[in-house]
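So, here come the structures, one by one.
Common to both upcoming complexes is subunit A, partnered first by subunit B, then by subunit C.
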Partner chain A sequence: MSAVLADMPETAAPATTKAIAPSKGGRPWTFYVLATLFGLYVIALYGPMFCIYILSFQDIRGGLVFPMKGHSLHWFVDLFTQVRTGDVKGSFDRSIKLAVIVTIITVLVSFLAGLGFRKRFRGDTFVFYMMIGSLVAPGLVLGLGTGLLFQALGLNASWYTSALGAQLSWTLPFGVLVMFAVMSRFDHVWEEAAYDLGASRWQSIRLVMIPVLAPGLVAVALFGFTLSYDEFARSLQTAGSLNTLPLEIWSMTLNVTSPSLYALGTVTTIVSFIVIGASLGSIVLIQKKRGSQAKG
Partner chain B sequence: MKNDRGDIELAGVCKSFDGITNVVDGVNLRIADGAYCCFIGPSGCGKTTILRMIAGHEDPTAGEIIIGGQNVVGLAPVQRRTAMMFQSYALFPHLTVRENIAFALRVRGQSKTDRLRAADAMIEKVRLTQFADRLPAQLSGGQQQRVALARAAITEPRVLLLDEPLSALDEQLRVQMRQELRRMQQELGITFIHVTHTQLEAIALADLVVVMEQGKIKQAGAARDVYAHPHDRYVAEFMGGQNVLSGRVEKVNGASFTLAQVAPDGIEVPLQARPTVSVGDKVDIAVRRDDVALVRPGRDLPPGYTNSLPSRVLAIEYQGYFVKVMLDTVPDDEFVAYVPEKTFFADPFTVGDVVMATWATGSALPLA
Partner chain C sequence: MQPSSSSAQAPSRANLAGWLYVSPLVLVLVPFFVAPILVVLAASFFATDGFGGLTPGFTLASYIEVLHSALTLKLYLATIKFTVLTWVFTLIIGFFVAYFLVFHVRNQLLAIGLFLLCTVPFWTSNIIRMISWIPLLGKEGLINQALLAMGVIHQPLEVLLFSDLAVVIAYVHQLTIFMIVPIFNSMARIDKKLIEAAIDAGASRFDIMRLIVVPMSKSGIALGTIFVVSIVMGDFFVVKVMSGGGSASVVSAFYEDVGVLQYPTAAASAVLLTLVLVAIVALILRTVDIRQEITR
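Then we have the complex of A and B:
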């Protein structure tokens, strides 16, 4: 969960500024120094992105740098209509589909790995380090290797085969690590109690484990989705002839010199926030549902 | 055929987790149908392992577990018709009280209306009706315990197994829930097996107290038997309330013997249940702390009190209805007298006073 929150520091920022506002006596001077530092950090983090969002709303005279020239949605229209800007719609579709597939596989495998690692088994540390190893491997090299392997085997590289595999090498270890953190808060005596009350293995997973772990599983899903959606290095050599969205943006930076590039940045950010919002919303909904049941 | 008998027999039950040491080492025991049985011992003595083996969460390495005349080793808890109440209650955090209690019926495929009706009846029995829609996290420790009890009892088990059920509660609640457990046991009329490390809890509740040490049963019997007639030094010290002295037999005189001790004339001990001793044997004896009277030197002993040991008062603790007086009577062991409050304050001692610790001859108990 902490990882989810780290993705959204803007929710934390207002709280901090609010805390400063009623400057009642008693706060040490270090508080103001650190608060200023934090403010600068937030500006440094989001400033460049906001520049892009703002510049994407220029009119037809717009350029790549400030000052703003007019206000319009021209470049958003341009993005989806002009052929010269590239296959934005197609690559966006592919990226979303790929991210969904990656998410499903990541959640499934991470959950099963979480189940598997509840008890120690022969070679468990070896398996664990093998998994971490793929996190440490440089993405570009890994992608290059995957591309070469597909070539050597005479297979066509494409976004739903080689790129999928290369992305999973990145999302699975992350998902499993998050799952471990989630599982560490699952008390195994609940499973024992379920068994004692006559639940089968499957009933115990379906009626106890999955509902208890649901918020954690949503967090794993969010991880899988966002890691896949903006994955570049591993996809570069493995996506084949059809680009995913990050690859498309990258190629656009090489030949598109209009604010439609910025419009694309704005659109993808909105998509990211929708996904994050939906995930957090579903976690809140799960908790609310439990709360309302409880009030009854 | 439905067999409702909840009598249990453990025959040569052993359990080893590593194949080298036995955590439970050849336990034989009979527990009557409908009895309240407490296993007591220090942590690591194997009591919880025995409970888990009876419950079906652990398989014995050797031996048989017979419930209602049927060997249940290898059967699932549901087939054994046992139910367990876990130490931390293990209530499902995402389910309400009602859903928690109905869980066992749900996994048996009972319809929602049927199972919720049964759960509500059980909720009433444990007096939680107004909390039926709460989550476990919104309940107090005592309420959680009642939910756990109701959840275990709803399947009408013939044996209910309780793993340190009161350890998570604070002192006052513990006494209250202790009575509630006893009430539920009588209401349900089934066998309860309760694991604890608190002596008071065991003797307050149990029909059968089983004292364990290192995987073996040291003594099993009625609460009064185990407390008042400990079998050996371990049981006497573990159950508490006893002073244990040891010495060599100096003289055997018919139904009693004399133990050489710090007392000039030795200590006279009746043989009681012990078959025989011979001169020179090393023998442990127990004297209940509340049987010890303290007399100032030079005063007469009460009639029937023949043994008296000169002692110095080491410490005094006021306990309310009695006063705990610690003495240096025996060199290496603790020696304590529980003096009734009124007696003590009629002529109070202070630390450093010399007193004679004395008791009626008949109240000394030779140990195995």
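Then we have the complex of A and C:
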């Protein structure tokens, strides 16, 4: 995931090479087969999601399946006003705040770790595999361990302490892996040139590395925010008494059988889409600006 | 850190700098990954009073209980069944989608655009994407409605939702992206000249696939496999909701155990699962050096 997204703008640039050999001239029959497969995959990927967005706009008679019964914003109002659907507003608020904190920490820590992993040092493999372990460990088990740890230490589990840490154990490995991909495209020569011109270490980071790596850092931020905002398994045992949004959705899937569940899905997806759009947009913008500066 | 010009001290300085850069990462992973794992490990050896109270001590009772119960075998078989089915489907779909994007889409910008189209749902809520199958697969869902209307069936199919089929569909829907991205990444690095040369030497399309594309995508396949296997084996949420409570996996049983405060048994089962997972991941890592793959 990481690698390709991060180097997306870079691959776009040298893309002037010739078209791929097997698809020169007429299309082989496999092209049509695979294009169909791809089309079906995309439909299966987005189709169900769009079904629930559409169904969330039903009126008060609405049910969980098609056909649509009228159209209104009833279930959105219901979502934020009804007590039986739980504290949606509060958990929404908490999830956004938590995601912002996680994003900031993820970007900073991943960037530093990315700098550290550029050179071999004693024990680097150990740190690397610790990170991979944190990535593949079952989230619920880690969450329980964190919860028990806080209990044993006499600390209260809450979304801004234990859940924050539990989420970082999930977002940081992704962030560092993205940084790996980003760093592998960073030419060492630029940094050397900065040093030769008398830059200090901090100046070379601030004036050379950060601007060059900016698109990659945006990608890390995107991972940090969305993975935290949607994180569920690790938060379940660590969030304490106040729910984050995915936990709220989880409890709704168990006891709410009205389209307000779908309305919540629509609302959270809109937030996700805004974040994704803003991130991808700013990556493109940075690249464009850079391109025009290079020409001018 | 003392500035030193002697070359003998250079490695230790590099070590120190490396550790300084990764120290924030380590400071998060130790309390929120290493410590929780150790807590779970410790809890698996403790005795319980049955009400959530843990008595520190050393007993293998929980392990004996877990290993002796017929349920454990059943849970592992179910988990392996889901894992294998999901792996097969995500691999086939992921491989061919990546192949299509890399080798059949001639316009690089279009390929990146289509690739992003595949990745966007990754950044949205998994839970929402899962429940979005309800209006399609349900007893009165779209698929049943369509099949009834076409006269293919005369009674709505009940196996579509809340069944093992629904569980696998939800997994494949969520996890194919974890195959597409690494495979896409390794395929994109295959030198197109190699394929041209193979064509010139008279290789058939099948030969190219068998002798060039598949071997050179191996690292991507390995990486994707690690993601898919570890996520499916660590999941409880999809199994619980999509099977309607009818099926269970190792972690969903863990979740039930935690719910009734059977911490030691839950911990013992979690430790066993982690060992199995580590063995599988280690086996995969033997075939590919992922650190080198990612940083290359």
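List of remarks:
Definition applied: the second predicted complex is superposed on the first by the 267 of 296 C-alpha atoms of A that agree within 3 Å, B and C clash if a C-alpha of one lies under 4 Å from a C-alpha of the other, contacts with A are read in each partner's own complex, and residues count from 1 in each chain.
Note that a residue touches a chain if its C-beta (ideal position, glycine included) is under 8 Å from a C-beta of that chain, and two chains touch if they have at least 3 such contacts.
On a predicted model such as this, the values are computed, not experimentally measured, just so you know.
Applying the stated clash criterion after superposition on subunit A shows that subunit B and subunit C can sit side by side.
In the superposed pair of complexes, A:80 makes contact with neither subunit B nor subunit C. In the superposed model, more residues of subunit A are touched by C than by the other of subunit B and subunit C.
In the superposition on chain A, A:160 makes contact with neither subunit B nor subunit C. Note on the superposed arrangement: subunit B and subunit C approach each other to a least C-alpha distance of 7 Å. Overlap of the subunit B and subunit C contact sets on subunit A: empty, with no shared residue. Chain contact summary for the complex, subunit B toward subunit A: residues 55-57, 76-78, 83-84, 86, 88, 90-94, 96, 103-104, 106-108, 132-135, 138, 151-152, 155. In the complex of the two chains, the subunit A residues touching subunit C come out as 1-5, 8, 11-12, 15, 17-23, 27-28, 30-31, 34-35, 37-38, 41-42, 44-49, 51-52, 55, 64-66, 105, 108-110, 112-113, 115-117, 119-125, 127-128, 130-146, 148-149, 152, 165-166, 168-169, 172, 176-177, 180-181, 183-184, 222, 226, 229-230, 232-233, 237, 246, 249-250, 253, 261-262, 264-265, 268-269, 272-273, 275-276, 280.
Residues of subunit A that touch subunit B in their complex: 187, 189-190, 192-200, 203, 207-208, 211-212, 290, 293-296. Listing the residues of subunit C that touch subunit A in their complex gives 11, 14-15, 17-22, 24-26, 28-29, 31-40, 43, 93, 96-97, 99-104, 106, 108-109, 112, 114-129, 131-136, 138, 140-142, 145, 173, 176-178, 181-182, 184-185, 188, 192-193, 195-196, 199, 205, 208, 226-227, 230, 233-237, 241, 251, 254-255, 258, 263, 266-267, 270, 273-274, 277, 281, 290-291, 294-296.
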